[in-house]
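In the two complexes below, chain A is the common chain; its partner is chain B in one and chain C in the other.
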Partner chain A sequence: MIALHNLTVRTTGGHVAVRGADLAIQPGQRLGVVGESGSGKTLLALSMIGMVPEGLQVDGQVLVKGETIAADDERAWRRHRARTMAMIFQEPMAALNPLVRVGDTVAEPLRLHLGLDRAAARKRALDLFEETGIPQARRRLGQYPHELSGGQRQRVLIALALACDPDLLIADEPTTALDAQVALRITDLLVRLSQDRQMALMFISHDLAAVSRTTHDIVVMYGGDIVERGQTVRVLSDPAHPYTQGLLAARPSLMHRERRLPTIPGTVPQLFALPPGCRFAGRCARELPQCVGTRPPVVATPTGQAACHLPGAGQT
Partner chain B sequence: MSDDLLSVQGVTRRYVLPRRTLLSTPPVLAAVENVGFELSAGQTLGIVGESGSGKSTLARMVMGFERPDTGKILFKGRDIHGLSTGDLRRARRNFQMVFQDPFGSLDPRRRVGWSIAEPLRAMGETDNDNRVGRALEQVGLQASQAGRFPHEFSGGQRQRIAIARAIITRPSLLVADEAVSALDVSVQAQILNLLMDLQDDLGLAMLFISHDLAVVSSICDTLLVMQAGQVLEAGTVNDVLGAPKHDYTRALLAAARVGGVASP
Partner chain C sequence: MSYFLARRIAGFVLTLWAVSIVVFAVMNVLPGDPALTILGLDSTDEARAALRERLGLDAPVVQRYLAWVGGALRGDLGQSYSFGVAVSGLIAERLPLTVSLAISGMTLTVCLALVMGLTAAARHGRAGDWAIMLFSQLGIAVPVFWLSMLLVLLFAVKLRWLPPGGFPGWSDPVAAARALVLPTVALALVQSAVLARVTRSAALEVMRLDFVRTARASGFAPGHIMWRHVLPNALVPIVTIVGLQFAGLVTGTIVIENVFYLPGLGRLLFQSIANRDLVTVQALVMLFAAIVVTANFLVDIAYVLIDPRLRAGRA
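Let's look at the complex of A and B:
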């Protein structure tokens, strides 16, 4: 449905923020994208909706329903946005206009993209509010963003994203700003909507717990590379890439007070300081001489694929 | 008990909200309602709860930034809210705080050495034997980095600088309010380890506030779960997580669990 081939995003300074990513999303698929800040996960998502910030250079191919779309072909993207794919963001307050009633916000794409009249758009907005579980939906339509709680605002944004019945919903850190209980309800809602509507979901998060309860497949990113992919449950229980292993080990686990947590040495390097070969070189315990200079091949692992010179089980 | 470093006794803090209409009585929000706990030297108490549960208000009262309406907060047996402003400032050398946002808590126009020495200046002391340099080394940075500015450091390094500032007066209590929440997982583990190292080296007691149950369980001995200003449950980490009594605690557990990986 949407596919990326050898997608590379460069900054104005020529630094590579996403390197040669290949990714395809099937109808109804729920895909998680995990990685730390600066791993390129948001740029990957933005390139799938034609919203890479100006000044960045996009190379490679983006296929939407079989049609190749250039990164700057705004007319073509506008045809697909909202209908083929829609996106929600981390901070629901920043994404809503504080001066517009939320019902009107949701009605706007209905009138603009689908050409509904005012009454029909309002009726449809009410349906969407009810579908996304907003309590007292009719009253909420006339309220302003500041009158809603954080979870309700995120539901409004989900309703807005669903307005034109997209085939793919991209959710970029949708639960990061929310409290635990609310976050659970939002991930449940996303899973239910994806199943009910046969809608694909791309769920981007640094929160491994949220990704594990929301998605079926997973992509792990580091330093602009996709370093590992496979079924979410299997990758998280038996990771093959040293970075995925380190990430899982570094996460505090419930129930036991460990004396010290295993850590990944160093920090995520700045874009200009990334090693030319494997991006994880310099922080990896299994490093081989070729890791620094040669980009690792993508190899099959018991749980999927990994881009590593020496993938496999074992501690980093 | 007399050997407690910190004793919080039946503390309540209410805020009066703006009135809804001109003549109505303004509504009152009980941010913290009758909360009590004890913390001994070298121990770590975790406070978990969502935003608005009162955990930060509690921390601010322990630090003496804010006064409780009722109840007492005893630090080494002395009621900190009974102290004069000057005495409270001097007493604060014994309890310091680390905040959530490592970008907002350091003055961007001052060299980090200046920021780290700020508690010393507040005590009327000078950095005569290079305590700034040693504090930097204690948190895993180099003494020579004192002359740099905050923007030259990553988020994790900035949080180390904030910790260096907090330990420079050699406090016996450290209050950490969401100190690792803004950090990436791999950096978060480094900071948690640093806090545990410092605790061993300096015999620090810690009040560790977080919304992430996994983080709290990795560093704390005992645990308070708060919701809407009240303590829902309290006990050792294993007791509370092993047999959670409230739906809310169960939800926090579910939110922190990675399917098939870290589940108990």
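Let's look at the complex of A and C:
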């Protein structure tokens, strides 16, 4: 449905923010993208909706329903946004126009893209509010964003994204700004909507628990590379890439309350300081001499694929 | 909401009252004896004293102030020394022209400024942006009377499309409108230059906000996003400047009416000052001040109409 081939995103300074990513999303698929901030996961998502920020250079191929679309072909992207793919963002507080009633915000794409009249759009907006679990939906339609809680605003944004019945919903850290209880309900809502509507879901997060709860497949990103991929459950139970292993080990667990959490040594390097070979070189516990200079090949692992010179079970 | 409105109205009335005191005080410490001006240099002391008494100039200041304010509230602004008729009549004759000029000037100003400002913001950093900003820089630098003369030379003298000045009266609306075209353009070009810059920077500020990204991700066209999402959110600074510019527009009409020989309030003010017609000048200055204060009162009301968050915050 949407596929990226050898997608590379460079900054104005020529630094590589996403390096040769290949990714395909099938109809109805629920794909999680995990990685730290700066790993390129948001740029990967933005390139799938044609919204990579101006000034960044995009190379490689983006296929939408079989059609290749250039990164700067705004007209072509506009045909697909809201209808083929929709996106919700991290910060629901600022993502809604503060001067517009939320009901009108959701009605806007219905009127502009689907040509519904005022009454029909309002009726659809009400349905969408109810579908996304907004309490007292009818009253909420007439309220302004500042009158809603964070969770309700994120639900409004989801309703807006669903308005034109997209094939893919991209959710970029949709729960990061919300408290844990609300976050849990939003992730469950996204899963339910994806199942009910046969809609693909790309769930971007640094929260492994949320991703494992939400998705069937997973892609792990580090320093602009996709370092591991496979079925979510299997990758997370038996990771092959040292970075994924480190991520999992650094997760707090109820079983081991007393011991200090292991951490991955060092911090994510700046884009300009990334090693030319494996991006994880320098922080990796199993580093080989060739890791710094040679980009690791993508190899099959018991649970999927990993880009590593020495994949395998580590001491997690 | 009603509390907010009540406070604003109280502020509006208090400001007008303060303005009336200042205007009256300034006018009554000015040198120059009105009686001497009216009767001429060869008049006798007795005649001038009699006239001063008839005009009430020998009464105590406070009493004169109260009489002036009381009369103004009833619509009686006194007798003009130089024209020999009621000031209210002089104003009523000329008000429609000046008000028409101010409204058409402000309307054209806002239209030009919004189009230029939003276009520049949409092309931020590119050639269109530079061209518009250069044009507005020129508009800021050029004095309005000089621009007016250039417009007259080009469109009235050279091309003969429009009259160079004068006003044919309202009986022929087409001729009246044609007479107002050049004055309106002259006023608006200068005013919109400033407003276009304000619009551009306010729009750029809003374009950075997340909901603009949401609108883009919803597949809306750039023009739609600009006019329906960015502009409303940029309106608060724009409306603020419009309110301030209204003062500039009113003073602008004084210059414009003199350049184009338009019989409006600005021209009346000019003539009254030349004639030391204190009563008329005082009435006109008060009127202009009242127009500016009213404009800013309306701006305050507009804030609340624009932003629902203010309605909630001050209810």
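What we mean here is this: the second predicted complex is superposed on the first by the 313 of 316 C-alpha atoms of A that agree within 3 Å, B and C clash if a C-alpha of one lies under 4 Å from a C-alpha of the other, contacts with A are read in each partner's own complex, and residues count from 1 in each chain.
Basically, contacts are C-beta pairs under 8 Å (C-beta built on N, C-alpha and C of every residue); 3 or more make two chains touch, one makes a residue touch a chain.
Computed from a predicted structure; not experimentally measured.
> One more residue to check, A:157. First (chain B), second (chain C), both or neither?
Touch status of A:157: second partner only.
> Touch check for A:236: first (chain B), second (chain C), both, or neither?
first
> By the touch definition at the top of the document, which applies to A:83: first (chain B), second (chain C), both, or neither?
second
> Just chain B (first), just chain C (second), both, or neither: which does A:104 touch?
neither
> Check the residue A:112 against both partner chains and state whether it touches chain B (first), chain C (second), both, or neither.
Only chain C; A:112 stays clear of chain B.
> Check the residue A:287 against both partner chains and state whether it touches chain B (first), chain C (second), both, or neither.
Neither chain B nor chain C is touched by A:287.
> Jot down the residues of chain A that show up as touching in both complexes, chain B in one and chain C in the other.
In chain A, nothing is touched by chain B and also by chain C.
> Sort out for me which residues of chain C touch chain A in the complex.
So the residues of chain C in touch with chain A come to 209-211, 213-222, 224, 229, 232-233, 306-309, 312.
> Which chain A residues qualify as touching chain C in the complex?
49, 51, 74, 78-83, 86-87, 89, 91, 94-99, 108-109, 112-113, 144, 146-147, 157, 160-161, 163-164
> Which residues of chain B touch chain A in their complex?
Its residues touching chain A are 50-51, 154, 156-157, 184-190, 192-193, 196, 211-215, 217-221, 237-238, 241-242, 248, 251-264.
> Which positions of chain A touch chain B when the two form their complex?
Touching chain B: residues 36-37, 179-184, 206, 208-210, 212-213, 232-233, 236-237, 246-248, 250-264, 267-268 of chain A.
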